[in-house]
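What follows is a set of structures for review.
You will see subunit A twice below: alongside subunit B first, and alongside subunit C after that.
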Partner chain A sequence: MKTFNYHSAKDVKEASKLASSNSAFLAGGMTTIPSMKLGLASYKDIIDIKRIKKLTGIKVSGKTVTIGATTKHSEVASSKDVKKAIPSLAALAEGIGDPQVRNRGTIGGSIANNDPAADYPSACIALNATIHTNNRSIDAEKFFRGMFETCLKSTEVIETIEFSIPEKSSYQKLPNPASRYAIIGVYVAKHKTGINVGVTGAKSCVYNDKDLAGALTKNFSSSAIDSVKISSSGMNSDIHASSDYRANMVKAFTKKAVDAC
Partner chain B sequence: MKKIAIEVNGKKVSKEIQDHTTLSGLLRDILNLTGTHIGCDTSQCGACVVHVDGKSIKSCTALAADLDGSKVTTIEGLASNGKLHPMQEAFKKMHGLQCGFCTPGMVMSAVDLLKNKKNPSDQEIRDWLEGNICRCTGYHNIVAAVKEAASKM
Partner chain C sequence: MASLVGSRVERKEDKRFLTGKGRYTSDINIANQTYAIFIRSPHARAKIKKIDTSKALKSSGVVDILTGEHIAQDKIGGLIAGWAIRSEDGSEMKCPANPPLAKDSVNFVGDPIAVVFAETLDEARAAAELVKVDYKVLKAVSNLGEAMNSEAIHDGIDKNLCYDWLLGDRQKTNEAFDKADKIIKLDIVNNRLIPNAMEPRACVIDYNTASEEITCYTTSQNPHLSRLIMSAFGGVAPENKLRVVAPDVGGGFGSKINLYNEEIVCSWASKKIERPIKWVAERTESFLTDTHGRDHITHAELAVTNDGKFLGFKNETIANLGAYARVFGTVTPTYLFGPCATGVYIMPAAYSNVKAVYTNTAPVDAYRGAGRPEATYTIERIVDKAAMELGMDPIEIRMKNFPTEFPFKQTLVHQIDSGDYVAGLNKAKEMADYDGFAVRKKESESKGKLRGIGVTSYFEACGIAPSPVVMMLGCGVGLWESAEVRFNPTGQVTVYTGSHSHGQSHQTTFAQIAADELGVPIENIDVVHGDTDKGTFGMGTYGSRSLTVGGIAIVNACKKIVNKGKRIAAKMLEASPDEIDFKNGEFVVAKSNKKKTIGEVAFASYLPGVRDEVKSPLPEGDEPGLIESSFFDPANFSFPAGSHICEVEIDPETGHVKLDKYTAVDDFGTIVNPLIVEGQVHGGLAQGIGQALYENAQYDDSGQLITASYMDYTMPRADDLPDFNLGFTCTKATTNPLGVKGCGEAGTIAATPTVMNAVINALGGKEISLPATAEKVWKACKEMKKSNAKAA
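The block that comes next holds the complex of A and B.
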């Protein structure tokens, strides 16, 4: 791993001030550190934000669940509050990586990295999340821009992620058997205001499948999507699954999610 | 360089380390605790699992600088007064290892499992050991060893 300057920021202001186009914020480091070791990334400054107390914790209030950016997957998975308010979100966290990864990896790190096969981005889409940073609040639909790309600026720190509590929801994924990343992951959520179908693993970036959501709005049952055609155009194709297979699995896992709601 | 003070296997340690030193590097290269193994070095294989503040983590993917003030337990810290920990004893008895490379990580991960769940099922053991890869045993005897330890602990 190439050398860098390590900083432990005491508050968000300091973290943001230390940041530049040649720095990275460090939370769990489950992607950042292996990426640096593999030579895929290098930075002059690594700014650790784990010791900023304000960035961790879970709050449930009426219609929303708000999770601090450096809250670990294991904390979300075991939170009684999350299990009660949005059980599918706790289950999603429980299915990330392995226990040691869940003991380090954070929700903010996951969404800031926006891996096309990560789990949390689909939750943000399905649960109408608002991503609160140190200088603005961003709707999930606008936050995720493309492969490993978000609208975050280099000095911008995610503080909390606020999820709307749905009437019903379920996240179903076909995990890669080795890494547990999603070959396909589908998060279906039924809100009073509408239905979202957040799909991860299928394309270069998470998306809300409006065709599936439209069919489910008319009739919330797995048979309602039988006639929806899922095009494999633009879908990922790799050694794990072809684009045609992925297209098929998007439908299969949407059905699974609807049945589990 | 950064100065850190941590506790390793009950002993206080104060060291000056490079900013990019990982916990596995600190343990093996600076403290000569070579029981913690480095396999993939990218947090997939689990050979480097240790406990930090009571929780199992992969030490190859944690910066030592970020663990200032933490309590670390490695495989060397499990045995007490020359007596193996029940998990180590169970791995020996049930032939839960062959070449032994993955074993320190397996044992540390399994000890953390039993802290959270006293009598895990076969499936729960397999799910928990998801992040520990063994290329010799086929896992069967590892699961048997964890069950044996659970019955003794």
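The block that comes next holds the complex of A and C.
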């Protein structure tokens, strides 16, 4: 690991001020630290944001669940409020990595990182999330840009993520047997305003599958998507799953999700 | 005192392991130590044109940088194959030189070429990045199936062939096949595995500039053997100036049998730089350079009659040795594999032909089961296929071909002393509720799932002794084991063993048997192992040999203690030695109440005299002290056997295989500690199941290992496994006084075919290759659906 400067920011303003194109925020460190150790990434400044009280916590109010950026996966998984308002979101958090990862990894870090196989981005898409940063509010559909890419600026700090509470929802994941990230993860959510099918793991970036959502809007049942064709072009392919298998699993797991709703 | 053999004594070692107090190699630090970083080839095959260390040598904190040139100048020898195997045509096997640091060419990704020693680990790492190596990259041979038709990777080794070995009689087998009603054919690939011991390899070297003695702390399964090889073949130092210590070792599974490049290099270098050296592998280095396991391509044929009798068996296998032949590399796919390939059956004629080839991949060596899992997978898969093609029940066909009389002369090599295969399979059948399977299958089907049941019956040959036999087969050393039992004057006992424990719990098991032999409380018995300066020579732990060979040496040494004790007690009690009975730690004069405890006798043996009188408790000719040693060389291998049955449930929509039930019935002869034996079976099963469903080491065409981390290499996890349903039958071994058989590898040997037979059963007999990953199973389900639709 190369040497770097460590800062512990007392508030969001200071964190943002310290940040540059050669820095990283340290939330759970579950991505940043391994990539630095493996020599895949190096930074001049590491800005610890864990001490900023304002960034952590869970709030349910009427139609939304708002989760602070440094809230850990284990906290979301075990939160009575989340379990009650959006049980599928608590279940998603419970299925991330292993206990050690869940006890450190954070929701803000996860979505800022936008790993193509991460779980939370699909929830953001399916649950019409708004990502609140220190200087703007961004719709999830616009937030995720590509592989490990978001619209965040390097000095921008995610403060909270605000999810709409759906009528029904379910997240179904086919875990990579080795890493347990998602080979495919499908988040189906039925809102008053419409249906979203957030798909992660399949392509270079999470997306809302409009064809599946369309079929489900007409008829919210697993048989409704039988006739939807899912192309394997543009899908990821690796030693654990070919693109063809992934394409088929998007459908299979959408069905599972609809059945579980 | 009740016998401890057979009781569930809790593991003496658990307290220190579970409270984080284990002392592993990387816990050892020596004042003034330097840190080593190895520079490894990033290419699978290349010529080394030039190594430029000039910039790195100037880097901060660097003590020295050594390369293959230095090793060659000092005439340090390389790594060796421990077994010489002859080809069918009588020619000797061909092995390339394997210098500890490559000088001219590299042959797999991770092959070490140089080493940096620096004051800190960070400085060593930084300097290593400055070493410039100029390679001429050559086309790698990474595909096993094509290796024999590819360019030779080692000079003078034609077709990359180490040997073309035959065991058995081709002609007799062909004649048997001529009489067959049916010939079953099977092509299988035995997937390559990475052992993944929890503790990565490491070594800490301390060179004593005064005594000129090198102490090498290392992660080894067999420290004496490492010392022997490092001295005799490496020429690093004479054996009396070399001490090898393997302290707590966190798992080996075969991958820590070998003496590796790093131990030779650091031991040699420590003397050269006159500084202690510490090296600890990173996980990626473990993936790349620990010896791998399995990796066979096999074509097998089984000749049967219409009523399911076996007539003959053919086994044509290509085995991957990787880049170099290592200690058990050449014997694993021959004598540890070939004989067991005919399974637990009466097989009138058979042969095993194995071609072992070199490829530009990590060396392949013994991995838990070593050869026997590959053999058992081959025979048990083809037997199931035969049952299916003949329309027979898998249990019925096995029962029909079991031997029922023992000793049983197995077709290819072994004389099996004892066993009862029928009882084992019957017990497994009952415990697994085999007859209730049809109902459970219906239930699964009603949920849209497929259910399959798989059966395996196995025997295996472990212990890997007697010495004259293994040396006749080509082993470079005798595979006996030694023990020394020492009484202290105040009555505690220290047992020194040449076996090594890296998870096997010798501290407990060996103490139990010594406690029974000596009548001393188990708390007063310490078991010491893993240090060449303590105790006698030892051959180490592998091939499930610790108890059957090492344990018996302890029993025999204890018996010598008791014999000497009898003589001393007789003198003390003024009786004759044959009047003395020894029981529960007491020497008693027959038909009297005159007795001495073994503690009193030990005390007297060290203090042989009394005040004011010239009087010794020692009989004429007996020396003071109570210390005895024994070297045990058994009459034969040990032959555990058993039957396993499992059930899987498959989701045809995703291909996910759920291992639902697993029953294992094993015959390990006498069981010293059921708790520990069950643990061994559990761990073995997990690894066998890993091979069946998850693990698969893969190289790409250029010889890069693409499963070099846990992000890609799938290990079985606790939540993948069901509760194991274990049972035992017992036929005692007749080749050792305890009647024990090896138990360390059985689970691994039986589990892979058991699981695959169940998966393939669920798929209606459709063959799929190891491991049965979700995608492969999903594809098979899709094809099954198609062909079912066609049929309907």
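Definition applied: the second predicted complex is superposed on the first by the 261 of 261 C-alpha atoms of A that agree within 3 Å, B and C clash if a C-alpha of one lies under 4 Å from a C-alpha of the other, contacts with A are read in each partner's own complex, and residues count from 1 in each chain.
The rule is short, and it goes like this: a residue touches a chain if its C-beta (ideal position, glycine included) is under 8 Å from a C-beta of that chain, and two chains touch if they have at least 3 such contacts.
None of the values given here were measured: they were computed from a predicted structure.
After overlaying the two complexes on the shared chain, residue contacts for A:97 are found with subunit B alone; subunit C is out of touch. By the document's definition of touching, of the two partners only subunit B reaches A:5; subunit C does not. With both structures placed on the common chain, the touch criterion links A:204 to neither subunit B nor subunit C.
Shared-chain residue A:26: touches subunit B; no touch with subunit C.
In the overlay built on the shared chain, the residue A:221 is in contact with neither subunit B nor subunit C.
In the superposition on chain A, A:179 makes contact with both subunit B and subunit C. Touched residues of subunit A were counted for both subunit B and subunit C, and B has more of them. Look at A:243: by the touch rule set out above, it reaches neither subunit B nor subunit C.
Contact with subunit C, but none with subunit B, is seen for A:252 once the two complexes are overlaid on the shared chain. 1, 178-179 are the residues of subunit A that lie in the contact sets of both subunit B and subunit C, per the superposition on chain A. Partner subunit C is touched in their complex by these residues of subunit A: 1, 174, 177-179, 239-242, 245, 248-249, 252-253, 255. Residues of subunit A that touch subunit B in their complex: 1-6, 8, 26, 29-30, 33-34, 36-38, 46, 48, 50, 74, 97-101, 103-104, 178-180.
On subunit B, the positions that touch subunit A within their shared complex are 2, 18-20, 22, 41-44, 46, 49, 55-58, 61-63, 65-66, 68, 109, 112-113, 128, 130-132.
For subunit C in complex with subunit A, the touching residues are 122, 653-654, 656, 694, 698, 706-707, 710-715, 773-775, 778-779.
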